[in-house]
Amino acid sequence: MGTHQPVEYANASSEVREVYDDIMATRKTDWINNFWKVLANDPVTLRRTWESIKQIMAPGALDPLTKEMIYIAVSVTNQCPYCIASHTSSAHKKGMTDAMFHELMAVVGMANETNRLASGYQVEIDEQFKTS
Amino acid sequence: MGTHQPVEYANASSEVREVYDDIMATRKTDWINNFWKVLANDPVTLRRTWESIKQIMAPGALDPLTKEMIYIAVSVTNQCPYCIASHTSSAHKKGMTDAMFHELMAVVGMANETNRLASGYQVEIDEQFKTS
Amino acid sequence: MGTHQPVEYANASSEVREVYDDIMATRKTDWINNFWKVLANDPVTLRRTWESIKQIMAPGALDPLTKEMIYIAVSVTNQCPYCIASHTSSAHKKGMTDAMFHELMAVVGMANETNRLASGYQVEIDEQFKTS
Amino acid sequence: MGTHQPVEYANASSEVREVYDDIMATRKTDWINNFWKVLANDPVTLRRTWESIKQIMAPGALDPLTKEMIYIAVSVTNQCPYCIASHTSSAHKKGMTDAMFHELMAVVGMANETNRLASGYQVEIDEQFKTS
Amino acid sequence: MGTHQPVEYANASSEVREVYDDIMATRKTDWINNFWKVLANDPVTLRRTWESIKQIMAPGALDPLTKEMIYIAVSVTNQCPYCIASHTSSAHKKGMTDAMFHELMAVVGMANETNRLASGYQVEIDEQFKTS
Amino acid sequence: MGTHQPVEYANASSEVREVYDDIMATRKTDWINNFWKVLANDPVTLRRTWESIKQIMAPGALDPLTKEMIYIAVSVTNQCPYCIASHTSSAHKKGMTDAMFHELMAVVGMANETNRLASGYQVEIDEQFKTS
């Protein structure tokens, strides 16, 4: 449906191929999903976005699966169908079980509910939360 | 600022006190934060919300700290100041280090960015994501 | 905090005063709230917005109090502090009881929760909902 | 498209069937929509969500149709296609006329507009709204 | 999928046709897109919405293409598929190049990211921003 | 209120100072706003965010003022008070007149309204928008 066609590897410039190669090597996979292939219409954004994601999603103080589940939490809150589908798939590949997914959804749903109760009731922030 | 005053323990009905007691016992704390004290103006919602949260945030396939960070991810995406303050405080108490918080924020920020790139470029969902 | 100062009646142009007068007459009140006084910095938007609201919020197939509660539901979902404060106040003046407010909040909270469960679980729309 | 298949009554466990039976009895209908059938992959969330909705959407200070329209207002603001389709259908079954739907949409649209004017112009909350 | 069928010109009342004629004349086009044809089920909202959009999107202190790009920025942030498709198409017709679209997307993505960093880190507003 | 204190230049590490110096040189200013000073608690995110913003907000196919107004449009839609205050201030410094700001707000408000009308009425995307 999109107005920008995905850029296939065969037709990609060398600067785009370089990013594609790094994505596949980093993710240990042999294909590129549509997000990157459409973003490749703008090689500058393709590279910047990939470099940022590569840095942010790498193992660190949080493990990659936890980061993937946080990504799902944001995508579900924002109602982004593409992002929900792609990151749910990624999380399963990184070891998310069905039980983990169900709990993730329960927390995301509940947080969206209490966010509105807190704002709707105009609850003031407790002093205790301001200094810790 | 809110139009509903917090219900203090001293003035609470026995049905409200019962919930307050369970909150303090479950959380091993001796105070109740404003969210619950304002919600106590409606004892039915107070009880239902607490019972749901107690069930959802208990240890399970995901540990309590991971759940707390998911709560923060949603609250930050929704821009709920009260929720950000309270759950960031809770997460620190459950062991979230500064390094973990920084990575959490980085993932939340990036997810909010790529959610819009995916929708703005009208990226179609890959077949691979529909069956896994 | 805002960069645009409220335009007080005493200092307002005749075209702004005309709108202020209509707001006070329509609402049977003798003061103008900050929203309109700040919007008055742009008399064109002031008039268009007021004319639209006046038309939309008038009694019709839905009564004014129901409309006011729908306004609150949207404002709470969007986390707009000014709008929550002003429309909650208006709704109370139009007869919203505390019991009604509590139920309104419960529905708004629940809807925000199930909205995310529906999208997170990628639920397909039932055929029955497409034709009715 | 979803990765979780709907759980049909014929294949459901007794604990899931019990919830399905209650949904059909409460709603006086003989079918279950996809939302519940997908949620049934997690019987704990299925039950908790249904019990909460049953309690919240029951007649009270607000009538069921008003609650259904508030549900639509939230779902439209959040842009949740499934929720818009299902709750619009439910509201029509509960007696929402076309005229009521049109006014509902007008209020929801306007509230989303003025929410942004209030925040964009950084309007300060009036003292009058803080104490009532 | 929608429950309201588009109102075609051939079947439209004279009051709806009058709006359709003005849309086509103003936009120098010979067709009406679905948004207006569905809105025509409520002639009052059709007229009010068109009159507002006509006034707002006319050339002024901002040129029509800049306004169209701002419309895209909002629609992408809200994840509204119809609005993204229609306003991206309109913007291209008004002269938006691919390079402009790519930069627009980059800014929208980045703004959505830093909005969450600012709220997640609970950054206080600088004094300098309050007085200018 | 935030739990992370701003990092002042005097106390900053050399790697943070390097970013601060680049911000001040690029923006031709002699002070750093709180957003960057709080982000400096995580030098990695500070640098990545600044490098991305510097690249994205530079003059290109779109001029810096247009980019700043797009930033405001997103921030207002997301209801981020800090971002609205800081980018409105920046836009004024880059030449945004009051007349431009008023039109910007009018477009943002209207887009938020029609986004909901399009989704609430479940309008289908026109064929014409899919191929252009």
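For reference, chains read A, B, C, D, E and F in written order, and residue numbers begin at 1 within each chain.
Everything that follows uses one rule, which is that a residue touches a chain if its C-beta (ideal position, glycine included) is under 8 Å from a C-beta of that chain, and two chains touch if they have at least 3 such contacts.
A quick note: this is a predicted structure, and the numbers were derived from the prediction, not measured.
S.K.: Starting from the defined contact criterion, work out which chains touch chain C and chain D both, please.
M.R.: Chains in contact with chain C as well as chain D: A, B, E, F.
S.K.: Identify the chains adjacent to both chain C and chain F in the sense defined at the top.
M.R.: Neighbours common to chain C and chain F are A, B, D, E.
S.K.: Using mean Cα positions as chain centres, tell me which chain lies farthest from chain C.
M.R.: A
S.K.: Compute the centre of every chain as the mean of its C-alpha atoms, then state which one is farthest from the centre of chain F.
M.R.: D
S.K.: When chain B touches chain C, do the two copies use mostly the same residue numbers, with over half shared, or different ones?
M.R.: Different: when the shared numbers are divided by all numbers used, the fraction is under half.
S.K.: Counting C-beta pairs in contact, does C-E beat D-F or the other way around?
M.R.: Taking the two pairs in turn, the one with more contacts turns out to be D-F.
S.K.: How many Å are there between the centre of chain B and the centre of chain D, using C-alpha atoms for each centre?
M.R.: About 21 Å, centre to centre.
S.K.: Return the distance between the CA-based centres of chain B and chain F, expressed in whole Å.
M.R.: 27
S.K.: Could you pull out the residues of chain C that touch at least 2 other chains?
M.R.: Where chain C meets two or more other chains at a single residue, that happens at 1, 3, 41, 44-45, 48-49, 52, 77-81, 85, 88-89, 92, 102, 104-106, 108-110, 112-115, 117, 119, 121-122, 125, 130, 132.
S.K.: In graph terms, nodes being chains and edges touches, is this line, ring, star, complete or other?
M.R.: complete
S.K.: Quick check: in the complex, which residue numbers of chain D touch chain B?
M.R.: Those residues of chain D that touch chain B are 1, 3, 44, 48, 52, 55, 125, 130, 132.
S.K.: Can you list the chain F residues touching chain B in their complex?
M.R.: Spelled out, the residues of chain F in touch with chain B are 1, 3, 41-42, 44-45, 49, 78-80.
S.K.: Which residues of chain C touch chain D in their complex?
M.R.: Touch list, chain C to chain D: 1-4, 31, 33-35, 38-39, 41, 45, 49, 52-53, 56-57, 60-62, 66-67, 69-71, 73-75, 77-78, 80-83, 85-86, 88-89, 92-93, 97, 99-100, 102-104, 106-108, 110-115, 117-119, 121-126, 128-130, 132.
S.K.: In the complex of these two chains, what residues of chain C are touching chain A?
M.R.: 72, 76-77, 79, 81, 84-85, 88, 104-105, 108-110, 112-117, 119-122
S.K.: For the complex, give me every residue of chain C touching chain B.
M.R.: It comes out as residues 79, 85, 88-89, 92, 98, 102, 105-106, 109.
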